[in-house]
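Comments concern the structure below.
A, B, C and D label the chains in the order they appear, each numbered from 1.
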Amino acid sequence: MSLLQREREIITQNEYVDHFDFEEIEAFVKSASKELFISHRFKTSDAMQVQPRGGFPTYEKVFRLYEEFKEAGVDVLPLTIDSNTRLNDYATAKKMLALSEENDVDMLNGYPLINHGYRTTRKMITHFDTPVSLRHGTPDARLLVEMALASGIFEIEGGPITYLLPYSKNFPLDKAFLYWKYVEKVCALYSTFNEPINRESFGPLSATLQPPAIVIVIQLVEMLLSLEEGVKSFSVSFSQTGSMIQDVVTANVIKKLARHYADMFGHHDADIHLVYHQWMGAFPYNKEYSDALITASTVIAAMVGADKIITKTRNEAFGIPTKEANARAVASVKYTLGMLKGLPAVSDEEEEENLTSMVNEIMEAVLNDGADTLWRKVFNAIKKGHIDIPFSPHVINANEVITIRDPQENIRILERGKLPISDRSFAFERSKIRLNEGERVVDKIIKDIGIMQ
Amino acid sequence: MSLLQREREIITQNEYVDHFDFEEIEAFVKSASKELFISHRFKTSDAMQVQPRGGFPTYEKVFRLYEEFKEAGVDVLPLTIDSNTRLNDYATAKKMLALSEENDVDMLNGYPLINHGYRTTRKMITHFDTPVSLRHGTPDARLLVEMALASGIFEIEGGPITYLLPYSKNFPLDKAFLYWKYVEKVCALYSTFNEPINRESFGPLSATLQPPAIVIVIQLVEMLLSLEEGVKSFSVSFSQTGSMIQDVVTANVIKKLARHYADMFGHHDADIHLVYHQWMGAFPYNKEYSDALITASTVIAAMVGADKIITKTRNEAFGIPTKEANARAVASVKYTLGMLKGLPAVSDEEEEENLTSMVNEIMEAVLNDGADTLWRKVFNAIKKGHIDIPFSPHVINANEVITIRDPQENIRILERGKLPISDRSFAFERSKIRLNEGERVVDKIIKDIGIMQ
Amino acid sequence: MKVVTGVVGNDIHVVANRLIEISLKERGFTVFNLGVNTYLEEFLDAIVETDADVLLISSLNGEAEGWCRDLQILKKQYTFRKDVVFMIGGNLGVGEMDPDALVPKFKNYGFDLVFHQVDLNVGLDTLENYLKAHA
Amino acid sequence: MKVVTGVVGNDIHVVANRLIEISLKERGFTVFNLGVNTYLEEFLDAIVETDADVLLISSLNGEAEGWCRDLQILKKQYTFRKDVVFMIGGNLGVGEMDPDALVPKFKNYGFDLVFHQVDLNVGLDTLENYLKAHA
């Protein structure tokens, strides 16, 4: 028995888990419908895939949510996991699930996949015969991902950085790397059974004034860490910045560099896709404006040529959306994408050059670290502040980089902290910034956070 | 007394009109608030001006409509005239206005300006102290325009071609030219009193598969006919084509050529503006999709760099919108424009070159006609089919040009009829068209009309 | 079968009218298209002149009611075959209307088939079935 | 005046928290920011340790109710000044809630000032007025 398999047996032996029948699961995946694989969909369709967010505690409510989504023309279904499960607290999740089932009140903010188990969940997934994407935010997602794959969920979101630095205050980063290494390995293994499992990184990070250079670096390293373990289909992602041209530039650069670095590391056979998140920052407290924001961001997604778009709802500022609001957004995004035609190929050479330089400068610093493995290099880069995410709640994050918006609402680096970018790149960034006479940086930041409100 | 003034006295002596006090009107215009002039607004603001459509029979209802619009942040108010007035049938308009006032039911589809008179209407216009745009569709608008200007309405939409060929079956075209000549002259005269009166042409035409080359030619000739009489501020316009790139190309070419032809005819001092109409064709029977269409078209307006946008509503497919639906669209368009930033400068050289050539080829043919005056040359061009509007209901229109959409939904010329475009330009157009195996043109046209539904 | 068609009143929305002509011809009808901006009398004259089987009126701009309420009276002044089918469609109200209220109203005015915001082909299918049923 | 602040429970929405710290300092308060992901006991410990005048809790992700319903019980286990102002704000419900129902609920839990989906500065203005009134 391989080392990995021994680990898997331990991980899946858990008091909240029914016996894991690895053979049966392998047989299931081998004969699973191609329709369940988003990697297959990417190969066979040119259309931008539309995926909402959403999850409820009970099987019935998720089932009804999926029905609503299907009616709205959804391409990819989400399965969002509750926060107890994310923290591996299956006992609480079990209790709350029972309460939710008895009282018809939601006591969990997502689907407790461990407690439902793969035998039950698979029924739903195969019933809808549509790709499902696992949305969680779990630093230790080993059991969760086993359960997801066994259920027929063939896209796994997350990564050691993107699901940690924006989502956690003090979960140890080195552990996160090792737990995700396991996840990558299992995904790679399953990818040999049928169509590839698709892994997706979470580019929005803290969703607040994130500089594209840092977002791209993190996308690239999570991609490399995944491909290194044998994953063959990977989606890099980012979220709407607030400036149309910055979105376009970010997309052009990330597409180019993702391919470049994948090839550089010998992963010529890996498929790489681009996912665009609709505005992830603070939404307006006005549902009609939120509708407009959702449509405008759909137009931009089409312009940047994303392979998948992840949608928001008109309820975003208020709270967790109803299934109706969620389906409404899907239908409206599908309509917009269907109607939008004649999209121009846009670019801005100077901006693309500068962004490319910054990403390459940081990547060089990361890769030149003395550690023996890639994950350790990345770990060190974060510790050194070479990778530094504004508005991360995590204690390991340097929190020295400060970003503000220029007059076009492009996000610019005002303080570079320990970012290993060249003076030239930094000067370019600074040259775009305009502060009004007497305007304080903090007031500008507050304004810049609220641009969509 | 000048010839024009003699004409004016005759026109304004009408049994439905109270005494026209030309001196008092001149004094009013001379001292009128600059805020009433959109030409002044264009000079002093960079923001895209937002203007809805709308009008009701009674003073009170228009007043309440304006209040609603102001609350939504409107930039330019519309005054849409009822169809009896458009046909100079003031007797019926009077009767219907009385019925509307008595019964609180609208018996007219717009505001009967002649019956209300300028003394009353001016109160409302000056009260709101916001530019008002006259929207009518009247071939003989002489009295109507006198009344509008005397009321403080300092933007006049329309033109001899654009308000005739899409709006009428058999009103004589030569008369339309002469009546509009009068309108231009009066506008020019008033332009010397204070800020210039702005004239605006109606580029959407029949709003159905209109080829940009024809739209632009018509915009140019109406502009020249207006500037020729001394008008100093003119807006050319067009409506969303269905292809983002075609909108951008159309805007780039029309801006360039409008300036070019104005200068060529010596009108260096004329200000020229660009107006973008949100989708003017068939709307979806789904209000949420209509919202999305309205937002997407706002994004495009921002990309083409329009000076003014004219909005639609979510009720478009159903019928005349309520004031609430109308104000909602204004608020949402204002939000979208405020939030959209970092717009790229887009262009497509090859397309722009071809469109420029087609417009110049047609313009050359028009200007080379043997007639002595510009309006006669244009009249002859229409009679000869050198200018030919698809889906015009007018008997004089040649109806030989057939347009269909290419795979990017660009509108392309399939049959050129008598259009004087070169074989090269025509070949370019044809080269873009793809008909599916066995697909009939008429089925394609039906599909192409319904792309937004 | 002969069909007289056109758009009633001061309405100049010509797009549907062009499509109607094409569709009717395709379905094998002989079409007399009076175009937009056609008054009720002109339609009735045309029925007489052409000995038509069907009158197919469009209205889009909201004028339908104003023009059609006197159809019954007008019909009496003309002599034509009893079995001429009167049909109207398009956008039959001003503003947003309840279709369930509009249809009976226009049937009262003397129309056999009434279509408010109904797709053309659905309408023409219904017409063909109606003609078969009454043949 | 000393303020203890932070985000309660497993909530990691840090943006408002950062702004709160800055705004409080600007208004002249001495700030002890416990950051995101802070449990109720930690807040109460900090009041004791710092002898704070105000406890300002944020909650964004909908967990507020779950964490705060036992505040009264917990308060009894601690000894601190009677006049400490308890304040909470952010997004206090799951899904879309009626603010008129939420505010009394949280007042019952033992909060003096409750702000559901209310702008930060409005909340801080209210706090300052409250402090003046109770000085």
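Basically, contacts are C-beta pairs under 8 Å (C-beta built on N, C-alpha and C of every residue); 3 or more make two chains touch, one makes a residue touch a chain.
Keep in mind that this is a model prediction, so the values were computed, not measured.
Relative to subunit B, the chain whose mean Cα position lies farthest away is D.
In terms of their C-alpha centroids, the spacing between subunit C and subunit D amounts to 69 Å. Chain geometry summary: the mean Cα position of subunit B and that of subunit D are 57 Å apart. Subunit A and subunit B have Cα centroids lying 46 Å from one another.
Within subunit D, no positions touching two or more other chains are listed.
Residue positions of subunit B touching 2 or more other chains: none.
Here, these are the chain pairs in contact: A-B, A-D, B-C. Put simply, subunit C touches subunit B in their complex at residues 10, 12, 14-15, 18-19, 22, 35-37, 61-62, 91, 93-97, 117. Contacts from subunit A toward subunit B in the complex involve residues 241-248, 284, 286, 288-289, 291-293, 295-296, 298-300, 328, 331-332, 335-336, 339-344, 346, 348, 408-410, 451-452.
Those residues of subunit B that touch subunit C in the shared complex are 83, 87, 106, 109, 166-170, 206, 208, 282, 285, 315, 317-322, 391-393, 442, 446, 449.
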